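Input: structures, listed below.
Both complexes below contain subunit A, partnered by subunit B and then by subunit C.
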Partner chain A sequence: MPDSTAGTLQTPDAPAKQRPGGTLYRGNEGMWSWVLHRITGVAIFFFLLVHILDTSLVRVSPEAYNAVIGTYQTPIMGLGEVALVGAIVFHAFNGLRIILVDFWSWATRHQKLLFWIVVGLWVVTMLGFTPRHLMNVFGH
Partner chain B sequence: MSTATLEADAPAPEIEAPKPFTVTFIIRRFDPDTDAEARWQDFDVEMYATDRILDALHKIKWEQDGSLTFRRSCAHGVCGSDAMRINGRNRLACKTLIKDLDITKPIYIEAIKGLPLEKDLIVDMEPFFQSFREVQPFLQSATAPEPGKERVQSVAQRAIFDDTTKCILCAACTSSCPVFWTDGQYFGPAAIVNAHRFIFDSRDDQAKVRLDILNDQEGVWRCRTTFNCTEACPRGIEVTKAIAEVKQAVMRGRA
Partner chain C sequence: MTTIEAPRTPARSAGRNGNLEKWAWIYMRVSGVVLVVLIFGHLWVNLMVGEGVHAIDFGFVGGKWADPFWKVWDVLMLWLALIHGGNGMRTVVNDYTKPGRAQKILKGAIFAAVVILIVLGTLVVFTFDPCPAGSPADLLPSFCPAA
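== the complex of A and B ==
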């Protein structure tokens, strides 16, 4: 291949930052709300899968069901429940936001504001839920 | 009060010429003849605050490395040739001013995402234009206008699709879409914007056909309202809003 370099100011092996892929796209509220919606959606899906399996155990044998449910009564599971409720609450509120964005042109224009409202509602809900729940988990 | 004339021996007030400053650009290069992988290369360029990214690319190409490859034609935001990812966001190089970027850090420039990379900042736009053609972006009227007359359209009728007439087909929107990155079959925002332009045109009679096309699995329902497209569009088109309007037209079965 002919050397098509016109100038000489640039040495060919200039210390270039080696980052093989492209940079991360810097989207704003809309993109990150979508990412969170996906992550929480997949997490909830897997929870439901496990939940249907463990609940159906009761038809196999009530003892097995009790044994499995018993293992859930641990502090670690209690924290997991906080995460689960957090995911569900975000997914629910953001789902409403998406419906508004799709059907109401005011919401399409003000989706960023709506995202922060979703975050606000999420914080309020979690502030109400988490202390009570943790008292139940750790308060025996 | 006496007129404040300049004293003859006072030095003429010098307008201080703006000084250029050095800006570092880190550009993602790829030469299909020699590179197996794209690589990052940095360039230091003397720039003024009022310069554009396109000026920097010109300076690099003309003064430092003639092999740098990019596309541009009008250099004034009209032709849509030079969409690229500047600091992680899709922008037109010819409309992005140095003063609007943080030059204390290097400026990253790379090709738009989701289309096959050909060389340096150039991608193969064919899949993009293929989707554009598929939505039939041209006027199709069932009736001929009165001889010697134009097709009448009121200001209000025209206003409905005014926003989407502004598209310059730069692909900044489509290549900013996370859905398009993972699913190249998705029509993408630009095709939907250009379908919108004719779907809601009162002179056009083929809205139904276009709505059917976009009701496809890879049509409007792929849109997840991430708003990257709206934020990327150099013409300020409310892309996501246009897509939402097409979604609703599909549901109602008419424009």
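== the complex of A and C ==
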């Protein structure tokens, strides 16, 4: 419903402000945590498939394994590993948030606050991980 | 149109799949908690300790799997993560496809990938030979006779 320019056209009991859809989650922390959980989950799944296959090369020969795992130590893959760990850490912390929201009524009422706690813990974890990992990648 | 049942409506019987969806729901939470510990430990030991990703090679894997502790750790991670991920992908497919041939094919592909990789990964861990004959000595773990 577009906002009327002439107040006389509005019905007296029309709500002053209507949120789209009026649903619990749309556009808010609940929706974005769900979107991020889904995207990171699918990404991690496809990495897992690749990671099992590359690790399986230890059963082929030391040379085959070292050749492929060596590509994990290049700068581009090193940056990719930061993205991967970022996805895993978010999925882990937000997964724990989901469990709390499911089983603990206080957490159900404060799911928005918990989302920002997840974001905060993610930032702290990545601030610890990223410099150390990039030193290992670029320090050689 | 979707109808929402009255709050006091008794639960419907679970149908032909029994309580499978409930157990899938419980599995995601239980395996999720365990996977946080297993994967964070995996990332810590492989990426943060020592030279991190630069230290990973055949000798590194051989050294880890000389200890049954890490074999159990990795196999547990393999099973829990693949089933957790496979069930998550099944949820995604259910959300974006209608029942029919395409949905069956997608779910079949997920199921096949999970089963094949669980079998492959488990065999790799338990049949792993850290000192394969005829390999260059400098690529092997230090405890190998040839190294």
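Just so it is clear, the second predicted complex is superposed on the first by the 114 of 140 C-alpha atoms of A that agree within 3 Å, B and C clash if a C-alpha of one lies under 4 Å from a C-alpha of the other, contacts with A are read in each partner's own complex, and residues count from 1 in each chain.
The rule we apply is simple: contacts are C-beta pairs under 8 Å (C-beta built on N, C-alpha and C of every residue); 3 or more make two chains touch, one makes a residue touch a chain.
Worth saying up front: this structure is predicted, and the values here are computed from it rather than measured.
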item	value
Partner chain(s) touched by A:86 [first = subunit B, second = subunit C, both, neither]	neither
Subunit B versus subunit C as contact partner of A:102, first or second or both or neither	both
Which superposed partner A:61 touches (first subunit B, second subunit C, both, neither)	second
Which superposed partner A:132 touches (first subunit B, second subunit C, both, neither)	second
Touching partner for A:31 - first (subunit B), second (subunit C), both, neither	first
Which of subunit B and subunit C A:73 touches, first, second, both or neither	second
Touched partner set for A:49, first subunit B, second subunit C, both or neither	second
Residues of subunit A that lie at the interface with subunit B and also at the interface with subunit C	98, 102
Residues on subunit A engaged by subunit C in the complex (per definition of touch)	38, 41-42, 44-45, 48-49, 52-53, 55-56, 58-59, 61-63, 65-66, 69-70, 72-73, 78, 81, 85, 88, 92, 95-96, 98-99, 102, 129, 132-133, 136-137, 140
Residues of subunit C that touch subunit A when the two form their complex	29, 32-33, 35-36, 39-40, 43, 47-48, 51-54, 56-59, 61-62, 78, 81-82, 85-86, 88-89, 92, 113, 117, 120-121, 123-124, 127-128, 132, 135-136, 139-140
Subunit B residues touching subunit A - in the complex, by the definition given at the top	26, 28, 33-34, 37-43, 61-67, 85, 87-89, 108, 110-111, 113, 176, 178, 224-228, 230-231, 238, 240-241, 244-245, 247-248
Of all residues in subunit A, those that touch subunit B in their complex	1, 4-7, 9-10, 14-20, 22-31, 33-34, 98, 101-103, 105, 108-109, 111
